[in-house]
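Next come two complexes, and both contain chain A; in the first it sits with chain B, in the second with chain C.
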Partner chain A sequence: MIQSLYLGLKYLQYHIYRTLILIGSIGLIIYLPLGLRKLISESERQMMARADSTPLIIGSKGNATDLVINSIYLEQSDIELIAYSKTKKLDKLGFGYSIPLISVFNARDYPIVGTTLDYFNFRGLEIASGRNLQFVGECVIGSHVADELSLAPGDSLVSSPDNFLDLAGSYPLQMKVVGVLNTSNTPDDRAVFTDLKTNWVIMGLGHGHQDMKKVTDFSLILEQDSSNITASAKLFIYNKINGEDLESFHFHGDANTFPISAVIFVPDHHKAATLLRGRYKTEAFKEQILVPSDVVRHLLENIFRIKHLFNTAFILVGLATFLILSLIIALTLRLRKKELYTMFTIGSSKTKTIEIICTELFVIVLGSISLAILLYGVTGYFVEAFIRQFIL
Partner chain B sequence: MIELSNLEFHYPGSDFKLAIEQLSIARGQKVAVIGPSGSGKTTLLNLIAGILEPNSGDVKVGDRHIVSLSDKEKRDYRIKDIGFVFQDFRLISYLNGLDNILLPFKINNSIKVNGETEDWIKLMCDEMAIKSKLSKFPNQLSHGEKQRLAICRALVAKPSIILADEPTGNLDPANKTNIMQLLFSYASKNDSTLITVTHDYDMLKGFDTVIDFNDLTSKKA
Partner chain C sequence: MKNLPLLLIAFCLLSCGSKKNNKQKIAADKPVVSVVNYPLCYFTERIGGDFVELNFPIDQGSDPAYWVPDSESLSSFQKSDVIFTNGANYARWLNNVSLPERLVVNTSATIADKLIEVQEGVSHSHGADGEHVHTGFAFTTWLNFEIAIEQARTIQVELIKLLPEKESTLKKNFKLLEKELLAMHKQLLDNGSEMMIIGSHPVYQYLSSAYHLHIHSVHFEPGVMPTSKQWHNLDHLLDHHPSSVMIWENEPGDDIRKELQKRNITVVVFSPCANKPAQGDFMSVMNRNIKSLIDVLS
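After this line comes the complex of A and B, so read on.
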């Protein structure tokens, strides 16, 4: 057996490139279903973990998936906004507390999420450097955003206007980065957090400008009476909020009517959640209440139904590999007919010849399995980062 | 002594037929087998080696009836008593010189490498002038070197019979003489029987006996 292994290894060593190609091909074919399965199950786990940690979501009626994706994975989608007053109404019910969210704008491709400090406590997010939000115009960024954009407390980040051609729309706001969050390996790492007011400023619902009572350039004033001053378009609107300008920032209208994307509702206990859901079923609400885990599970069931298709494909690929391998063996035996006959002539048995061939195959299969295990291990090591980068 | 008696052999589906009524080759004899292609010279070697089985008749080597040996006994007989030398060398392309010489020990467990074997290999390699080629692969050797290496492999187990099938067929005149001298020398020193198939009539003078297949020993069906 040792001599057969020796001869087999010598053959494989002599044909090293052919051997490596074979090991690589078979290894990849073994790895592919395992790796993909790992990727799918880890994706499912991570997506479900995020959903499971979010008890209830309330938002406008419409596409439940869009609402949940927007609220828990912070992916922006076209959902109808609801009024901020909804948060207060929910709180008054006494079933728990609500966390408003608004995620409409981006800053350099990362979502700007307007929320309250409760969100950080709820998600267990901690400040790694700097401090938490205190004033309008400040932002706290996720660790990934900080790394990718090379930002640290004290730097600034400008919101991206949603439409350059919309003169009445949002204007870019230069936000001050006051803190960087600890890495949580969740979508929070890839978000820019502000308070709700900062978001409303970006929306154009609040702004700061020159004090009209102090202007010396009268071309800025279109109309003036005892109670109102109408300014011209020449009036300078601040595009950042600093200590000096803070006083000049104000909102037009009732904040209760200002928009938010959704509300995360954290019930005091399971019964409170059931009662709240019951109300939404029996009473006429403009909004819908969702259990994120139900929505995500349903979504995953549909998405990963393709897993069955993969399984079938892998069986077919495995069969094809087996056939190709058989063909390679048959062709190799034909090429080596003279060599094997020489061995037989000298005094080898057919069993010995088969043993040598089987040893070679064993080494190739062993190498392939080792490669597949190695790749599987590497997948396991990088799967979370990969999913965060490309899936979540 | 090798004795063939009332031997008949034919390949299935072929009109070729080899018939040898009586052939005796004494131990230590150097025998040349000549004749046209397809006359059965290589078949004769294979019958003596027990690779082919005659349809009738007997092949006796010493006191052993080769026909009645089991497969394992035939393999052991070939590995211990027979040294094969081929026209096309039949070296294993992926083994270096030394591993090619040691091949018989790697494919059959009935013989083992010991100190005596190692000394014998060193001596052979010195005589064949291939000591410096042992780490080379066959494709790195000249034809003459390949055949000398193949002869070392054939002689490594100190066989009592050497079956050489046109051993000089692929060699230039200088190498032909050299190779035949090496085979004669071994056979003489070890009292081994040398049976050589050849088409080269210039090589016949060193042999004790010449079997000519143009004569009565061979016939077509």
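After this line comes the complex of A and C, so read on.
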């Protein structure tokens, strides 16, 4: 047996490229259905876990999937915004509490999520370093953002303008990073969290500027009389908020009319959730109420319908590979006719010859299985990328 | 036997430590109530008594309306079980901080229609916003004792939500407070006067409106000698609205008094009591205010 293994290995070593190609192709054929199944099931698990942990979402009527993806996976999509007053109205119902969210802007390709302190408690997010949000103009970043952008408490992060060509649009805001969140292996790791008010400042609904009654540079003033001052475009609008400027920041308009993307509603109990959903079904509301797990399950069912197609394809590809492998073996035996004849001539029995060939095949199959296991093992690392690339 | 005194001392110390821990535990069990000014602090104290832990981290020398919290004070607000605000744009800092919004209770929300609108600064325009003026509300709401009662009532309702088992005591405490506030309200109503009054600061809008007092305000600070322009403005105001009474938030300086005496103006201190007084409490300060005012009006 040892001799057969030695001879088989020597043969495979001599034909190393052919051996490696065989191991690679068989290994991939074994891995693909298993790996894809793992990717799909793990993606399903992660997505459903996030959806299951979010009881209800309220947002504008329209694409339910976009609303849920924006609200729980923090992926920005073009959804209609609703008024902040909705949050207060929901709270007054006494069914639970609401967490408003707004995710419209981004900072260096990471979404800026405006919310309230309740969000961190609701998601169980802990501050790893620094502190939580306290003043307007501050942000708390997810662990992935901190690692990728090499940011730590005390650093600053500038919001990206919504439109580079719109010179009159909202100015980018230089936010102060005050805290980094613990890794949660959720989309929260890839987000920049601010208070709602900071988001509204980025949107241009609030700003701080020099006190126009105290300006000493008169070129800042276009017109002035006893009751009115008109400033020129030269008036400096603060692009960052620090302690001294904080008091000068103000909002124009009623905060209740300011926009939010959606509301996560946390009911006190199951009955409260049912009652609230019932109200949305029976009364005329401008918004829709969604159970995220239902929406995500539906989305995944649609996406993964293709899984069955893949499974069928893999069976056919596997069969084709088996046939090709058989052909390769048959052709190899034909090519090795002289070699086998020599073996018979020097006294090798027919059984021994078959044993050597089987050993060679065994080594190839073993190598292929090892490769498949290796690939299967590293698949786990690509689940998040898979979700982002193919699902969201 | 020799070690007996030492053992006794150690036992006493341990007992004290344990009592302290128990006290801390009880304190930790109490709901933490944060407030933004002294009148709300006083109302909460009167209604909630020992059942609540009050958080009013504003120094005695500061005006709570213009106070700006530091990180530590703000953190104490964030950890509260309920935060009572005055409403009427009082405490501007609330607009620029992150607080758990659902725990923030505006005590004047139920009387929003009674708030007095004021213009803050001149109208101005900049950028794409167009011409605008920052309007706000007069915020010393509690100087109308009817509004003060409503603010106290809101506090009572919220405290009952936090401490439902103490409902009867909280209601009883509120009733007592309401009675005292109503008495002051009646006293001021009964002593209305047509006399013209100069207010040293524009903080008496609710007092004026609730008790039909004719108060015209200037912008004097008790510790700062007004400029000649400010005196000129006062003289101008006196030409149009002759008055012999000027109400102040605090005792004005002697030099200011002399100038006022030249104009035959009597000084009356009517403290809004927005922050904790050096002596007494909200009720004693308000009773003193009312007595001083009624004395000159009559």
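The rule is simple: the second predicted complex is superposed on the first by the 357 of 392 C-alpha atoms of A that agree within 3 Å, B and C clash if a C-alpha of one lies under 4 Å from a C-alpha of the other, contacts with A are read in each partner's own complex, and residues count from 1 in each chain.
Keep in mind that, in the parts below, a residue touches a chain if its C-beta (ideal position, glycine included) is under 8 Å from a C-beta of that chain, and two chains touch if they have at least 3 such contacts.
Computed from a predicted model, the values in this text were never measured in an experiment.
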item	value
First, second, both or neither for A:K352, with chain B first and chain C second	first
Touching partner for A:H252 - first (chain B), second (chain C), both, neither	second
Touching partner for A:Q13 - first (chain B), second (chain C), both, neither	first
Contacts of A:Q134 with chain B and chain C, given as first, second, both or neither	second
Which superposed partner A:Y97 touches (first chain B, second chain C, both, neither)	second
Dominant toucher of chain A (residue count), chain B or chain C	C
Interface residues, chain B side, partner chain A - complex	49, 51, 71-72, 75-76, 78-79, 82, 84, 86, 90, 92-95, 99, 103-109, 137, 153
Residues of chain C defined as touching chain A within the complex	68, 71, 74-75, 78, 92-93, 95-102, 121-129, 131-132, 134
Partner chain C, residues of chain A touching it in the complex	87, 91, 97-98, 116-118, 131-136, 138, 168, 195, 197, 207, 209, 212-213, 226-231, 233, 235, 237, 241, 243, 246-247, 249-252
Residues of chain A defined as touching chain B within the complex	3, 6-7, 10-11, 13-15, 338-339, 342-349, 352
